[in-house]
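The first chain written gets the first letter, and so on, giving A, B, C and D; residue counts start at 1 in each chain.
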């Protein structure tokens, strides 16, 4: 761990946190375009956050400390997650603190906190939201883990940086195991980030919403942090996907010269992924809530299959 | 000399109590005589420990480690039962279940029973052994029907007929042994002396001896309570007075088994095969399994523990059947702890029944609330008899099971089944009696719980520590049998 | 010479055993029992005479006193006092019982033959008969449904055993014989007491009244 | 003090005796309940502390043995304190310290009579667990083992007036006893001959064919599995653990179950010596099923303590998966990976001890203070008892395997073990092992859901029911001082075990070395205190300290930034009602509701009796009963078969004397025929 490494680490973390809302904006913009709307612009999320931070927070009478602490915890978790996923470079000293398993753990921690916070007020919707969120979570989490395991088996390591390095140096070949895993990962990504077809990020219809039900009681700065964390989460997921399945172009080591190229590559890949997400969301319709487990168990199955296929083909 | 005391005291007591048994102080006399017998037995034990096996009266009586420990056990349980019976029978008298005249019979026969059992244990003559065993039946049969209820008369009748017929078979077996011995030792008394027979056991005719063993096993086995010869046992235990149930279970069965084992040693010598062992293992396993299955159907508390005795006799028979030093040691130990525990349980049961006025287990509830000592006695006693450590029953079951696993693994599933079913059956019935809402009442006489806890304490001790002299006894006896 | 007489006695014993098995009347049973005792006593005396075993004389006298005189009288008076003279229907009909009895005799003979070869006594061939009469008495106890015949069966079984002892071994040692006799005597008295108790409690000596203690 | 000559075995035995003495002492004290609660229990806590310290100190030392002047004639009680015992003793000491402190407050309002007995049984329970862990011969082990079952049985049946509790206790003791018999037979297989040969040293020497070794293993698995709560032998656990007073539930779940794990490890790795991978597969498979079923059932529970008990079943499953993985790897010749699995299993034992005790204690205070154990009556307790809520939250997060708390570490270690599957040569194994990892992950995610339910419904939201007037609390609503101390101790352990895993793993590595003769590769141990590394840092590492620091710093920065750059204004208002103003507390999601989706997805494994009211019902009432299928599918058929058999056998004894004579006659004839 050297100074350059730490500098890189901090740089990347800050970059991710700052860039995350832009990605969200980009996805929304793409979606608007696809739906023949004008779209609010990429920077809209920043504006929203800014406005929320300025508002006066309104909290229910019986909210406990947990309720108020959760947005910060959430934000911290996501920041950490963003800090350990190799986006720009693979030499990240913090990455040793958390491998893929810990990464899944971080997401789980965030999920548990937001679910608890949702139940804190004691309204009917909070409870429903928490229960649905945990329903998604209990299947998405292992599916995610299995996806990552396929990569881990491939590279013989669970450290993301090592995985990425190994995969980036690999000859390009269609890897059936990895392909399964990629599909599974995509499904998990959709579910975990409250995207269509599992959830609709723009709805407030009580019977179908998940994410929005969870955060119904939040306002102002709390809401801002939660939303920002959600944006980072989406960003992190996308970068994980990129790192696992299309790792090429990332800067290895603390390579300052490679940095601009890495930034460019990352931006391009993210833009593409965001657009893809928008397309996906446009062409598909939302499932009913109780179909979500089927969707996710398919993901889980695919991930496990991917792992098994890996063992059958890569002896 | 001590033998005279051991045998004379109860005989004298019997005669005296036959005259004075109805008096107010008869229970105390009973206790005194039992205590005196115990003291005499203790002296005998000291003597045997000091100078080894001995014979007396022209070899008619014989003391070795095997029977002396049973004598000590018999006298001890006889004494504690006498202590227990004092308040118990007083309460029965006050409830009008027995009259003073019958108490005379009770006390006289009690001492007579002790006498016959001690004769059975101490005699060297297989013929006398048979006579004394029959005497033990005769002296207890009228005790079983002491209450003169239809059920008790039926039980006593069955006891009498079944054991009588059984013992007739044993007599035929004894005749056959005599027949075989006659050719080796010549006729006369000498041919029935166990010590003499033991010396020449290898020369005895195998065909006759194996036939003899069948008759003896069926005969004495009836008294032991081996399935399917056991049918008298639960009835007699349930319908007689509780002190009698205690001595039947605790002592009589042991003594009958003692007779079987004495014969087994001779027959083994003659045959030189594992025939007797296999027979006993088979009977033992059958007994354990069937008794366990019977256990789960019981409603009467004393019947329940009667069946439990059958089950334990099965275990002991199996142990002796396996043979070998460890198994025989375990069998002897099991005899000891079973008779201590089971008689202790019957004491507790006796008080519980008096307190609640019923033997039906469904009507006995929550002893621990109103009568903590009885409740704890019953609970701990049942756990002990079920082979839960640290009580001594576990010690012997430990040795028996591990030896069985090592030498006869095929038998262990049966044992396991028997023990598990017995546990479920007994504890499932005892627990609601001990715990829960109470329905017991107060009694005019303080229960004598000292015997219960004395027995449990002894059994607990045997589970954790076997004193060296006792160990020596067991070892010598096991060497003799195994 | 003695051997033939003893064999004759044995045969009579076997016939008596069969007769008891088939006899329906209680008093006749008691009479048969007395006859059985007499034959036993006579055969014991013959053995005693031929072998010179002095204690067998005592045995013979004991048998005569106890089993020919005392027990039949006691039984007779009990029957009279309890007024249970009526006929006894066995549980299984007589022909079946007889067939089973014949089977038992064959079995007993088969069992006893190898042992008889070993015996050095003049009476050895009777061991099979002794065993057969023991088993026949056993069978009789099984098929009787009244208390008194059952007890007579029990006593007859004792007789069979006694005969086995004499025939196979020239009798057990005297001490043992005395002890056995004492037991039989006391046993009979106890039975007597029981008859009264049963009668008092159940108004009958039918042992079918005593089938209450069972698993249900 | 000279390390080598320190009589550690003597000291450990002394600690066991001290507990026995404390128990006996409280029986003597018949007057002042307060004295027992305030005097005996804190003393006992000190004893626990001493035990923990002693065990920790001797963890790496060579085995210390001792022979006691008790036991069978040729087999005096052998005592041995080696790495494995020391580790589990440490677990016992650590957990019981907190629990006993807690108990001294929890029990103090009991009547003297009850408290005396409770204290006796409680301390004898502790002592018997100590002796189980110290025993070095089959006999002492069995005695201590059953004494443990017995003392805990009496503790369970404390509230004996309730029929359900009596039934629970009975089934508990029955299964414990059958399990003990199975263990006994396992020793029977292992021992050679003679009484002397029951010492563990002799059992180690036994030369067994693979068949008999497998028999021994299976018997041990059944025996210890029954105690640990392995499916399908777990049925007693969810009934018995909640029935006991809460500190006892904590001890049983937190510590007693681990003695079964100890036993299994002792027999498989130490006495039998060389595990076969097939056994490992069986154990891991049973473990994975147990874990999954356990947590799925836990999710369906409404009784908080019952939920915790089912969760214990799940955790035992996870530990078994770890053990199974270890056996697979040891059995196929990869001791380093095997050691990792073993360490993971041990770590999970420790973790479960800490957080499950904590959770039971939290549930205990709720029960004591409000009289409630049904989740559907609770709600909003965080306002009434913030302290308990805080501790319960720590426990919930820890058990949900969330970083940076301890549950995550062991989960991580086991997943890392599963990831070593690539080393295996056997193709089937190689694809099965990752499946185990998948099951583990699924179980962990379900646990999170389960504890969100437990914590959320109990502590958050609004009160659902009326607080019982008869709650046997003593005035204080929240946890009292000693209760707090006890819970704080355990909570601190949850954190410490989570944050300093490499130190713990270093210690556990010594345990693994002592019991299985293999440890982690040196590269794993050189990584330093910051990093937890299973083999090399390039392969995998986890740095909870960094992790925690980063999150803390980020949260702090965010908080400060938000406050400095913007403002901290806050307004309290009624919750948003979505335009429907008549919301009541009953409209909150219920416990059943939270389990609903799981119930639907996994419907086949539950036995569900549900009554949904008609629209026309005047008094609509929703009823739902979810039962364990094992009871109906496994135990009842056995019970019925036994009943049927015994009914058949019962016909033998139909009261007629002629028949009895016939039996005797037939027996005689049959034997005579047989002899000929």
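Quick note on the criterion: a contact is a pair of C-beta atoms (placed from the backbone, for glycine too) under 8 Å apart; a residue touches a chain by one contact, two chains touch by 3 or more.
Everything numeric in this text was worked out from a predicted model, so none of it was measured.
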{"item": "Chain located farthest away, centre of chain D as origin (C-alpha)", "value": "C"}
{"item": "Whole-Å gap separating chain A and chain C, where each centre is the average of the chain's CA atoms", "value": "99"}
{"item": "Distance between the centres, which are taken as Cα means, of chain B and chain A, whole angstrom", "value": "77"}
{"item": "Distance from chain D to chain B - Cα centre to Cα centre, in angstrom", "value": "43"}
{"item": "Between chain D and chain C, distance of the C-alpha-averaged centres to the nearest whole Å", "value": "69"}
{"item": "Junction residues of chain B, two or more chains touched", "value": "157-158, 161, 165, 211, 234, 294, 297"}
{"item": "Multi-chain contact residues (two or more partners), chain D", "value": "650, 652-653, 657, 661, 672"}
{"item": "Sites on chain A at which at least two other chains make contact", "value": "none"}
{"item": "Interchain pairs in contact, sorted by label", "value": "A-D, B-C, B-D, C-D"}
{"item": "Complex contact set, residues of chain D against chain B", "value": "69-73, 138-139, 142-143, 145-147, 149-150, 157, 160-161, 163, 166, 169-170, 173-174, 177-178, 181-182, 184-185, 187-189, 191-195, 198, 642-643, 645-647, 649-650, 652-653, 657, 660-661, 663-664, 667-668, 671-672, 674-675"}
{"item": "Chain C partner contacts - residues on chain B that touch it in the complex", "value": "125, 127-128, 130-131, 134-135, 138, 141-142, 145, 148-151, 153-158, 160-161, 164-165, 168, 171-172, 174-176, 178-179, 182-183, 187-189, 191-192, 205, 207-208, 211, 234-235, 238-239, 294, 297"}
{"item": "In the complex, chain C residues that touch chain D", "value": "91, 107, 110-111, 135, 138-139, 141-145, 150, 207-208, 210-216"}
{"item": "Interfacial residue positions of chain D with respect to chain C in the complex", "value": "650-658, 661-662, 665, 669, 672, 676"}
{"item": "Footprint of chain B on chain C - complex, ascending", "value": "111, 114-115, 118-120, 131, 134, 138, 141, 147, 150, 154, 157-158, 161, 164-165, 168-170, 172-173, 175-176, 179-180, 182-183, 186-187, 190-191, 193-194, 197-198, 201-202, 207, 209-213, 215"}
